[in-house]
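Consider the two complexes below, in which subunit A is the common component and subunit B and subunit C are the respective partners.
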Partner chain A sequence: MMVRKSVFSVIALVFFMLGCSSDNNTNDEGANGGKDSFDRKALLTNIADNIAIPAYQKFSEDITALKASTSNFVTTANASNLVALRQSWITAYTSWQSVGMFQIGKAEELSLRNFMNVYPVTVSDIESNVTSGSYDLTSVTKQDEQGFGALDYLLNGLSDTDAGIVEFYTTNPNASGYKKYISDLVNRMDDLTKQVLADWKNGYRDTFVNNNGSSATSSLDKIVNDFIFHYEKHFRAAKIGIPAGVFSGTPLDTKVEAFYKKDVSKALFNTSLTALQDFFNGKHFASTTTGESLKTYLDFLNTIKNGENLSLLINNQFEASKKKAASLDNDLSNQVRSNNTLMLETYEELQKNVVLLKVDMLQAISVSVDYVDADGD
Partner chain B sequence: MIINSTEYLKKNTEAAPLAVFRIFFGIMMLISIIRFWSYGWIDKLYIQPKFFFSYYGFEWVKPLGIYTYVIFILCGVSTIFITLGYQYRIAIITFFLSFTYIELLDKTTYLNHYYFISLLSFILIFLPANAYYSLDAKIKGVSYQSIPSWTIDALKLLLGIVYFYAGLAKLNSDWLIKAMPLKIWLPSKYDVPLLGELMQQEWMHYLFSYSGMIYDLTIPLLLLYRKTRPFAFILVVVFHVLTRVLFPIGMFPYIMIVSTLVFFDSGFHHKVLRNISKIFKINKAQFDTDKVLEIIPQKNKILFTTLILFFVIQFLFPFRYLLYPGELFWTEEGYRFSWRVMLMEKAGYANFKIVDGETKKRFYVDNDDFLTVFQQKQMATQPDFILEYAQYLKKHFENQGHQNVQVFVESYVALNGRLSTPYIDPQIDLGKQKESFKHKKWIIPFNDEIKGL
Partner chain C sequence: MKITSLLKIACISGVFAFISCSSDDDAAPADQIKEPTNYTFERDGKSSVSFGGQTTRIEMATILAGKLKDNTQTEAVLDAMFDHKKGANDFGDNADLNASTKSVRSKTAASKDYFSINVTDAADIKKDFDGWIKSQVDDVFPNWTKEASAGVAGFRQEAEGGSKRYITAKGLELNQVFAKSLIGGLMADQALNNYLGKAVLEEADNVKNNDNGTVVEGKSYTTMEHKWDEAYGYLFGAAPDKANPLANIGTGSNQKGDDSFLSKYLDRVNDDTDFTGIASDIFNAFKLGRAAIVAKKYDVRDAQAAIIREKVSQVIAVRAVYYLQQGKKALEAPVVDHAAAFHDLSEGYGFIYSLQFTRKPDSKTPYLTRSEVQGLINQLMSGTNGLWDVTPKTLQTISEAIAKKFSFTVAQAGS
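Now for the complex of A and B:
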């Protein structure tokens, strides 16, 4: 039959063309200035082995330390143990800033970020949990009653003084309820973290690295989307935009991260900003070495396109944001109350990188902005 | 040129190609609908969103909630009737109406190939696709083996227009001189077997740009001439298979491959029908009657006027962009319905600001509260979407009790790898603007030049 014959010859032709082309490629090194293609797998490997896994490793260790401090405090509730526990909480909260963006694999499945760091928390619900002693922390409705935000309240918000806070765990009629609740929260955080880290170490790392295709479900597409989503929602909006009243018209000083501790919100913001920029530049966790990254990928693509130096523009914008944020008060809540203009200006700087990342970078690397798998033209 | 139009209209040809076209069209559409449904897209695209972007003048076309499925069922069932050629006229009208209704629901999902299907089903209403090898013919006991040539030529003409205009659209400096947007798209296809490595090579981007352009411009003619037809068909298959491998374009490549079969001689189509007959135990001989279906122009004035008008519009409509100032790719005024297929890479970001005109109190809108990610993506690069959404926001916040609502947008668009630049005048209160076919003066002019058509 005509069709069958045609189809056959077409397939033959395609293979013939492909055959010729591959030959040409190997013989014709100089065609594109001898440039090799970019190794996406190396990028994914760098993200997994040198950024995500070490960051989760460190975070997991800090959560373990937090668990130990909690246990100490629950056993012997006094001011010095409270101070120690609070320090462990700050340390773990700081490391969290480096893993928050990696909501992929097990973390995505468990909805890790939503159980770890929703703020502001709902105090009345926390109190009623403490009183009743019965709660299901795995429930989605309980996300604003646990995690770092809930610990913030339990360690910093119960009273104005340390002595006052310690009383909740000692002389308070429901001291055992508070002890149980804080232990349950930390245990859950520890459990979730261990699951995620174990998954990365036992198989997911290879799944992640080997899913190096270009489809909407490939690792690169997903991690880039996660990165931008995190930047936009959980960094720009949550840490600065919402408290500054960008989305409400009125400043909301109670909506800052670590509201009850007060003086760490800027530090957490800075750590997060650095982590995001380091991810962009492929900088190894806790090291100055850099590897394949979105930056090197953009630079490679620009050798083909000869357009603007996008990676430089993005890095410049990260620096501009840092510079602007440098004058912020250590307590962002206080900053909102005293001079919200600086908050809004910081937001403007952060916003400029949303455009560069979400519009220019995504266009350059041809990653679609979402997982919508609708047809194109 | 028109030697004798009446002579031409009297010319007859075998009905088999049209019957085969009808059968394949029905099957392809059925598969498309089932595929669409099975991917959960009805729910995702037409039921879940809170807001739908309407075409200007078609604001009354709205999804019917859960009953939207009924339209799809109607559309799906009609394809079966079309395939069988049973109650053909009612079936094809049903298909055209239901399919077009679906496409009008939300312009977010606009695709040239959906528009093509709407047009195709529209002219199929006027063609005697059930005259031969159909249940209608069998039941009536009247089968026409010959039909007027123009009926099949009309399909060829429509296909020819699609290709040729798609080719014309590629005659611009971005496509030909910069090899854009293929220079962006192809390198991201690094994982395509065998071709992946080549996709990184600049000469490949140019090769694909130029061959795509030449293909589109010449394929209608190559298909028309018997001598070049087999070669042309091979090109059709290679071209569409390649586009299928490289881009997420769903059923379109297959639909085009199958559609181009209409260019083949009737001998080929009779072979196809013989095979179908063998498989389904149909007595093909009952349709081979030597009867000629005559469609006399004098008695079918409405039909001929409609078709002539249809094609005149098809020829002119893609050029309406000339009536607008500014760069077409940037403003997109006159971009749709013009066979500008896979022509540019555009990305944008639109941040809406609600301001109280009296107190100047302001806040930004979180687009996630109103639009799906897909809608946001389409909205950010197209001014008519931005305006419609702004109007919606105005109404929404007024209903919430906000006073003196003004809507401003801070937006950026990047086109074909250029650095993003501001898109809509951020000083303009979009709440005060009206949609129309006139040029939108609040689009910030493109700061570069793209030469060509």
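Now for the complex of A and C:
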């Protein structure tokens, strides 16, 4: 497992010293602690106003719709309301892919991602919660019993047929327990999301934009680390690497996202991939307009690797990943079982961008990595 | 200051060794220190390196540490595994271990330098280990399926649906406490305070026999050579290639060492850029010291022993501070992951405990005495509910108390 931690490593120190002593850089003496004169504030403004806040806004609306669908289903548990609720769940789950990387500010404080999207979930614990009716969803020990993954089980995994699933909410002896649990899960998701969006809108946006320095705690250093951490752990590893058995040596087909729904795991992966690339390019949420970004930062610094613009290499690698992933089955779990080689090859394409982003890009923009691999024991 | 002078001696010795090696026209072969690339030493075409007993004990300790997490085990079975007797079927279908005359407990707190006279502490330390086994069976196993909370033993799950940690009412994960304390109590104590000590290396006729090349009957090594190898075995006895044990001890996260004891944590400390090189420093000192025994250069041998003592002690101290800092960070997080924090602090507890077996290079004493170690552990566990009550401030205080006895900072060890 990988954990985020603050480190001021020797490497960072070395880079810092290099930065101070190298006077052949024409972009020296800028606003960023003497590192370069790129306008970090413009980049942060674009991230906040045109990417993060609109993405959270959309996500919040979709969670509100999910809440309404849940309420309808709990009031009238039938197959058509189940189908509608499931669709709301997919819509919100898709929107989640665009905010997952923004674990900063209130989201970081609340540990939003870990309460929203841990998978696989632990079915026995979910069932025992439903049975007992007593559980504290705010406890970190319950993160694998709530969020999108738990809803996946409750909406798709209880039975093979919709009629069979509806029975859990109608004729099952503990139908009221299932109804209460699914309502509690959605209410918590709604509550957490509203807190995060409200915080961005009521002050955090300015805090984020104005913290435009270049220390380890500056907004850019933090958000770039969040971006790469998300890419490595919650995208590359969680969605592809772990199910493909990259870390275990054995393929684990039950560890895919939305395991019980089966046919949306690839779509969620693709949405996430696009969101990550759009973030890199500063593309406004749900728009074709672009603004200041990591790409424009690299271009400003004229960062070249092997004779090519680094930003181009990174975008090319995003495209290569998309191309490889295009052949994947809509159900990644099925892909693992039928032809895991394609999963492994997709992982390899994704891994190539880890090097470009985490090593080359961070070196160019003078940001040091603030997380390390954990013990694993 | 004394450390520096010892290092100087080591350096000067190294220079002499280098000179003598390069001028082989005039020096007699017996005066040379021939240092091989790997830990490979031979006599009459046969390997003279032997430390099977250490490999065996590392295996036994590994199995025991694993069984401490199996709630179907009884205290009697675990005790027998700890204090193995030849022929007892303590290790399942592992016939070699069952037939072995070796045991972990008999060599715990059993070094000549520290415990041959101080049998009171030796007995108390063994009691500590026995007590952890007993408490695991009596207090934790019966609560295996209950969720732990302050003052209540049971399991506690880490964030993100992570590992379940099984803890006492005070938050201690005893299997971690036991395993990490063994790093000091067995491995470091035996290596640093027994086999690398003059009392063992030069016991009885060891010097005379080594000078004359008199081997142990039926073996291809002298006793002194063998004793040195046994120290080496407590660090590298689990390596697949025992002559080249650094293959799995690197500078990145790809390598993990070869056991869950000194090898693993030597790797971990070597991964920290503040301490990179410590693994090869230790390996090279073992190699040169062994070559010095072959060359009968006992001053060079002792200088290498001093290096090993200093650096192995440092590995233990760095990990103690590292886990305290990890635990502190976890407790300071806005959403506290108690299972992860207590897991780190339980490992930290074991490494703190192990500090009493460290060895200053220039004296017969540890960097922290047993009573100092007990003082730190009392601070850690002082709250009514132990780790549930410990504050980040206390963890910082303990970290600093340890670091100031060594030549590193809390920040260096904590990353």
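One rule holds for everything that comes next: the second predicted complex is superposed on the first by the 327 of 377 C-alpha atoms of A that agree within 3 Å, B and C clash if a C-alpha of one lies under 4 Å from a C-alpha of the other, contacts with A are read in each partner's own complex, and residues count from 1 in each chain.
Keep in mind that, in the parts below, contacts are C-beta pairs under 8 Å (C-beta built on N, C-alpha and C of every residue); 3 or more make two chains touch, one makes a residue touch a chain.
The model shown is predicted, which means the values in this text are computed figures rather than measured ones.
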Kindly classify A:S214 by the partners it touches after superposition: subunit B alone (first), subunit C alone (second), both, or neither?
first
I'd like to know which partner A:P120 touches here: subunit B for first, subunit C for second, both or neither.
second
Does subunit C touch more residues of subunit A than subunit B does, or is it the other way round?
B
Given the touch rule stated above, what does A:A364 touch, subunit B (first), subunit C (second), both, or neither?
first
Kindly classify A:L110 by the partners it touches after superposition: subunit B alone (first), subunit C alone (second), both, or neither?
second
Once chain A of both complexes is superposed, is A:Q143 in touch with subunit B (first), subunit C (second), both, or neither?
second
Common ground on subunit A, meaning residues reached by subunit C in one complex and by subunit B in the other:
1, 6-7, 9-10, 372-373, 375, 377
Under the definition above, what is the set of subunit A residues touching subunit B in their complex?
1-3, 6-7, 9-10, 13-14, 18, 21-22, 25, 31-32, 35-38, 40, 212-214, 218, 237, 241, 245-250, 301, 304-305, 307-308, 310, 313, 351, 354-356, 358-360, 362-377
Contact residues on subunit B for subunit A in the complex?
39, 41, 44-45, 109, 111-113, 183-185, 187-191, 194-203, 205, 230, 233-234, 237-238, 241, 247-252, 261, 264, 268, 271-272, 275, 341-342, 345, 347-349, 351, 354, 361-366, 372-374, 376-377, 412-414, 417-420
Flag every residue of subunit A that touches subunit C in the complex, lowest number first.
1, 5-11, 108-111, 114, 118-122, 140-141, 143-144, 372-373, 375, 377
Considering the complex alone, what residue numbers of subunit C touch subunit A?
147, 156-162, 253, 260, 268, 273-274, 326, 329, 333-339, 411, 415
